[in-house]
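Here come two complexes built around subunit A, the first alongside subunit B, the second alongside subunit C.
So, the complex of A and B:
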């Protein structure tokens, strides 16, 4: 057998061994950010439309905090910054570090679960014999949590987002904590963090389904409509989620003693009144939209974000963590005001799907396109806004390409995941009926 | 040096309570009648008339017409800005000019009710003020008219234009000010104008407190006025109507808006002329030649309707209120081609001769400013009727020509005069002056700089800076800076900021700024330019978007107002302090534009990307992995077997070939 029977068991020595690189990584990450905060780039980066959106721009937000008026930040975060406005840089660095650590622990725990499941499956001899090379080894899984943390902390997108003091970093931290709590099986905390993430920007609502699936799986409750235990837990989790959401909304109401924030935050997210260019698909589309079709297309585009939840949950009900990844990616592509910080969060998960690499079809093309687009954003922005030698179409074209690349990336990972699962049940080297080597197609 | 002439035409309509006289040329008799009338009825308490005892009533009349300038909206806003005491002093000083006849009102109300009200006579007076400006311009203040009208339930219009009377009644307007201005008044070169107005169109209205929905009334009123004046006032909506502190004071009945984009031309002048009782047929209005007027450096026409009443004008619906309509026209003629010489013919037109006063006018006068000792020679009259008049807090000397006197016209039966003047050596510099510009490059962000000058040599005073910025410039209010000078540590002592709401409400920024003596205070604020929907751009989007002038207003003490450099001039000695305001330039800001030819392409391309996303996920969600088999899959075909003979044929073909294992035709159904 090619696989070792003992998993990455958490013995103290090993923990200490792992903690050292993580600490080093954190130090490096914080140093980079601190240096950038002190450099002249700290003035430039918050102006970049790719990095900040009207929803999370510090410049807008801080102005609002100063004038204690309303804008598109949720009341709780404004209240939070009342206290820490002088330590904003530290808060944003800590948020990034927290996200990284949370992701690190979550992925570590998740890997353990995956490994245990794989072991049981192997012992039950459920895998076809030719699939042994698909089996994940502890050796390759060992560094995955560290890689995830590194992918998040050292991703230029995260660094830019942090230096721009985009509140996107805080939202990411909340989502990371939510994932951690879910993976750890703490349903209450998971519900609270999910509610907090939803409160911040509606869209994480779609993460409710994967979290519920994961917790059910963890408690060995099958997803079965006839089972009372399923309904009991679902009701319980829903209640915790809605309850904490209610508490947050009511807290905001008591802070402001008006409901205006609902329309100014969520109305702003959903109706897309601000057409400041960003890396998403909404701004130019709705700037050029005919007035009488606007409402229709806003509905279509917003439904599109939530639309995939149910089919994805059905398809991936055995793999909730991958479902979370898919959902985060879909949100960050199709949300109304995306920034590079959102992309950084789902990109941090890519090392966790290392084992899918052999099934990825166009990873090279997609990475090249993503890199090229990232470089072209500032160039074309400059040509349009400052040099005046290009127009809005140039920047728009790049956003289109960037989004196509992201879509291809995500669907590629989805394809690879499904394909690996298929191979794990049907064998890696499939044969046609006539015995010749077969190709696998989607039908 | 450029030569400019300012000419100002003011028409003042005042209700005359005289019954027996139609047009009294004798000023003496008129005033007596007025006195009599007031004692009998005591409804007219305009300070105008209360002073008209002396034979030289020209002067007194004149003073008063200038004394009550219609305050701009900013004036009311200074009230909330300044502290309580200041507010009181302001109100007593400015708003309530006639404030001493409380007892009279209550008395006379009854007496009014008992006898049927006598048919009121409107009074109409016209004036033309001509003044050489210091940079050489001549400012012809073609001073308009002033009506007073008592609006009874069934109105009887004599001189007061019916169209405006109906507007006042219908919309329960208590005060209305509207101005159309082409060009920018250069305060530093031309000095203080008589009446300021910002470039473009400005409208501000106080509604009576009987109006239930002010916003609807405002919307309708702007549309009506837009029709009356042939102007695009219908573009006034909530996005350019700033709202001050909402329900705190009476300010919820105040609405004001500025349209800096408005272009003023002949079509605005014609309806304005039609409001005059004599039209443009006779009187001073004869001179109104639009061809000349719109070749000028500055053109401003305005119309002010204010109630004139005894106490505080609180009960506007009550019948003891009369209305004053003042139409003014300010034109600055550029006469540099003709040197420093000027005549009526040259300035206006040779064909339109001033031959008589409007027969309906109570008084009709031409004032020529001779303070700086230019040589005036009346071409038609040997001896000009020289007299002195005080105008706008400046003691200035005018020669006055009374048009109601036939002798003025002399033999030729038309009035013409010639004026030569030397270059002015020292002008009374305006103490307060404002400038504004946009800094920065690119279409992403920018910075508005407002410079406020205090030219007083030793006195510091506070000013209120009022800015209304459209929503598509997103002000970063935390970047607001006003660099502290040596004298003051923090020049801005008060800020009121009302953030904008996208497509609903503009930014409103008010600041109380302390100006050190002889200083420039620079207030800067950064903004970001928004990308708009393609339908929200103007037809010429690359021309840029206008941002209205900001208003700098101050309460000047008369001691402060005294310029120490030219001590011979002392302004406004009668009052301890007076209110003044200046407008800055409007701004022209470029916004990023989308490609207007692209809507179909953009819709197609973005939808394609969405479809790529949807399609790729849909494919993965609905399909399963299968080993690709060559040949026809029988089961799919079986499903359709009933429907298609072709399918049956293929099925047969497939079974036939099955044994031979031929792998030629790969047909997917």
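So, the complex of A and C:
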């Protein structure tokens, strides 16, 4: 047997060994950002529609704090920056570092759990014999947390987002902390951070289901409607979540002594009045649409984001962390004002699923398309806005292609995950009834 | 979606693509070239037509009478110019004011990074004189521009001739005598400029008019502007050309086809150069549709008098005045094999697409090969693998940065130590750095502690192929001609270079197809097509001056060709060079 009985659980020496590369990584990442903040690009990047949306754009007026879209930021964020406005660059760099460290610790802990589970399953001889090559080894799992941190910190999308001072970086930090607290099993902190994320941009609401599933799993409470312990914990978690959300909203009310922020922040997110082009799917569609269909299609588009929660939660109820990944990806594809910073967050998880690599089918195609689209965004924007020779259709075509590639990427991972689980229960080399080799086909 | 999800069909397709990869690539290349050459064949092109309603059906009347007066003004201008030894600003202001224009001047200076030997200047300085003709009863929010360059070199004597045209003309007409550079603030303002024409008449006798469309970075004005010019030339009966070539009707003969092909090739080469080929090229960047009209004195049997040219311009301005919105109906991406025929983006892009798909096919092939190697070794060499890929990529790009920055930075030092002028110093440094880049692979390998696995070069080549594909794709979108010419020379070497090909032969081919050599061939081909063939010696001198002009265009107008070649294309080529010498 080539897996060690201890798993990736680190002894103190190992911890020290791992901390050094992480520190190095943080230093490199902060240096890159600091250099970019001082370069001429720092003026250019915040103008790019791919990097900032009206929801998270940042602009500083004369003397007083002023976001470019003052009203679209939540009151707590504005209050927060009231104190740190002079250190904004440091705050954004720290937010990125915090996200990376939180993801690092979370993935590390998660891997430990995965390995423990795998060990029990092996000892109970639950896996078919020909699946041994699917078993994950501590050697290959060892660098995953570091790779996750690296994918987040050195991803050009994150760097751009940070240099543009997009508050998307802060939202990512909150979500990363939420994941960390969930993985560590602290239900109160998890609920608070989830509430904070929801308060920031509504959509993380869909992360409630996976968090609950994970915490239940951690406490060995089965998802069973008849069990009182299930209901007890669910109520408890819901109460914590709604309670902290309530506290935040009321706090905002006391800060501003008006409820206007509800309509200007959440109304802005949900009713999509700003049709500035971005990498999302909303702007072109709603710019072209007749006014009286608008409400209907807004409902359809917004429900689309939340809709996948139910089927995915049912299908992936045993794998809540993968469900979190799926949900974050879906949010960042279908949300109303997506930016590249949102994409960076779910892309950071990709190394955590590198054991699915052999089951991925379109990874080459998808990565080529994503790469090409990222390069074509500024080019077509230039042709449309500055040269005036192309038009919005060119840009939207690329947006569409970019999103199709993202959807393919996510569904590819989803399929690969399910397929691996299928193989783990039914054996790697499937046979048809007549004994010939069978293949799995998704239809 | 069946193709994407059904593993059996996918496997069959991949197998087909990998097995037939080389023949498919060769086919694609030939098909791409053939497609491109076919674009000049008349049955495959479209006849130009006026898309803009406002300019199409309406009739305008040209009544310009003052040809003789214009000629006289032109002669007077020439006399004053000779007397002052530059642009007679005061005289111009006075004359234009006497014609009833609001006249303003604007001075500008711009320091070049090194002296321009073609025009013998180090500092670009000058004065724009512009007059505004305001229409009596109009909202005064929009303007049309007629500009005439007055550079010291050529005898642009009739530059001021248009002064006398707008006797009874559109809402607002702004007359400029411009050059470009850092400017003092404008004093008088017209309206937002809808369209501009730049008039360049270099002699008293005009036999035909040539339309120049190519602007900065290969940008072209809306095709309707060319249509307008062509329509009026037809109406008034003026001989008109594009690229200095007359139109021919014998498309079905070989010589007819080669004539069209030459015209198109000239356009492609001019567009690929990325420099403005007339003063109109600078308007295009500000979203203003503009073209240059150049008077030519070469077809002896025809002669066009000044009144006719005046009528032509008047007619064009009257039509432009009818515009309700900016020109946008017709094409912005086109090639013209003759003035009455055009090829739109939908027709010429497949030619580039066929070349670009080769890169993707090769990349797919490599990907399959990489996947076929045993998966157990995957994470073993991956961490040194990343380093061994990253080193060449970083070093190539550093060379690119050196090529971009050093020639200008080190000119002083070069001038001190070698007996060369500043311009020569810049150009020769650039060539030296370019050549020095070829020595790199050996250095890279010393850094790499003698590894270089079979997998390593495959990954590097995969990276280089995808990089090149994205790069060429983006270039072709902005400037099709440049993208196509680069693809034509870079795709074959990118597709077939491996460390296992015979070293000397492949190295020779690579050097011959490198971006620098491509530029050299383009210089010769361009001269050949313009019917002014040059000897090798002159060609080389021309090549040197083209390099210095490219750098100057970048500094003066913000042309993107030099940074593109130095910072992106050249490093990409170096990556391929690296693969050839992979050990």
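Note that in this section the second predicted complex is superposed on the first by the 429 of 443 C-alpha atoms of A that agree within 3 Å, B and C clash if a C-alpha of one lies under 4 Å from a C-alpha of the other, contacts with A are read in each partner's own complex, and residues count from 1 in each chain.
As a convention for this text, a contact is a pair of C-beta atoms (placed from the backbone, for glycine too) under 8 Å apart; a residue touches a chain by one contact, two chains touch by 3 or more.
Computed from a predicted model, the values in this text were never measured in an experiment.
Asks: Answer with clash or fit: subunit B and subunit C placed together on subunit A by superposition.
Replies: The answer is fit.
Asks: Give the angle at the C-alpha centre of subunit A formed by the C-alpha centres of subunit B and subunit C in the superposed arrangement, rounded to the nearest 10 degrees.
Replies: After superposition on chain A, the angle is 60 degrees.
Asks: Under the stated touch criterion, which partner chain does A:275 make contact with: subunit B (first), subunit C (second), both, or neither?
Replies: In the superposition, A:275 touches subunit B alone.
Asks: Contacts for A:414 in the overlay, against subunit B (first) and subunit C (second): which applies, first, second, both or neither?
Replies: So A:414 only meets subunit B here.
Asks: Does the superposition put A:140 against subunit B (first), subunit C (second), both, or neither?
Replies: So A:140 only meets subunit C here.
Asks: Taking the superposition as given, does A:375 touch the first partner, subunit B, the second, subunit C, both, or neither?
Replies: After superposition on chain A, A:375 lies in contact with subunit C alone.
Asks: With both complexes superposed on chain A, which partner does A:386 reach: first (subunit B), second (subunit C), both or neither?
Replies: After superposition on chain A, A:386 lies in contact with both partners, subunit B and subunit C.
Asks: Would you mind checking which one, subunit B or subunit C, touches more residues on subunit A?
Replies: B
Asks: Could you say whether A:90 touches subunit B, subunit C, both of them, or neither, answering first, second, both or neither?
Replies: neither
Asks: Just subunit B (first), just subunit C (second), both, or neither: which does A:362 touch?
Replies: The answer is second: A:362 touches subunit C but not subunit B.
Asks: After the superposition, pull out the minimum Cα separation from subunit B to subunit C in whole angstrom, please.
Replies: Value for subunit B versus subunit C, nearest C-alpha atoms: 5 Å.
Asks: Which subunit A residues lie in the overlap of the subunit B contact set and the subunit C contact set?
Replies: In subunit A, positions 386, 408, 439-443 sit in both the subunit B and subunit C interfaces.
Asks: Residue numbers of subunit A touching subunit B in their complex, please.
Replies: For this pair, the touching residues of subunit A are 47, 49, 59-60, 62-64, 66-67, 69-71, 273-277, 281, 283-291, 301, 304, 308, 311-312, 315, 330, 333-334, 384-386, 391-393, 396, 400, 403-404, 407-408, 411, 414-415, 418-419, 422, 426, 430-434, 438-443.
Asks: Spell out the residues on subunit C that touch subunit A in their complex, using ranges where they run on.
Replies: Answer in residue numbers: 4-8, 10, 219-220, 284-285, 287, 326, 328, 332-333, 360, 363-364, 367, 375, 379, 466, 469-471, 473-474, 477-478.
Asks: For the complex, which residues does subunit B have touching subunit A?
Replies: Where subunit B meets subunit A, its residues are 441-445, 474, 476-479, 497, 499, 502-503, 528, 530-535, 592-595, 598-599, 602-603, 605-606, 609-610, 612-614, 616-617, 619-630, 661.
Asks: Please output the residues of subunit A touching subunit C within their complex, sorted ascending.
Replies: Contacts found on subunit A: 139-140, 358, 361-362, 364, 368, 371-372, 375-376, 379-380, 382-383, 386-390, 408, 439-443.
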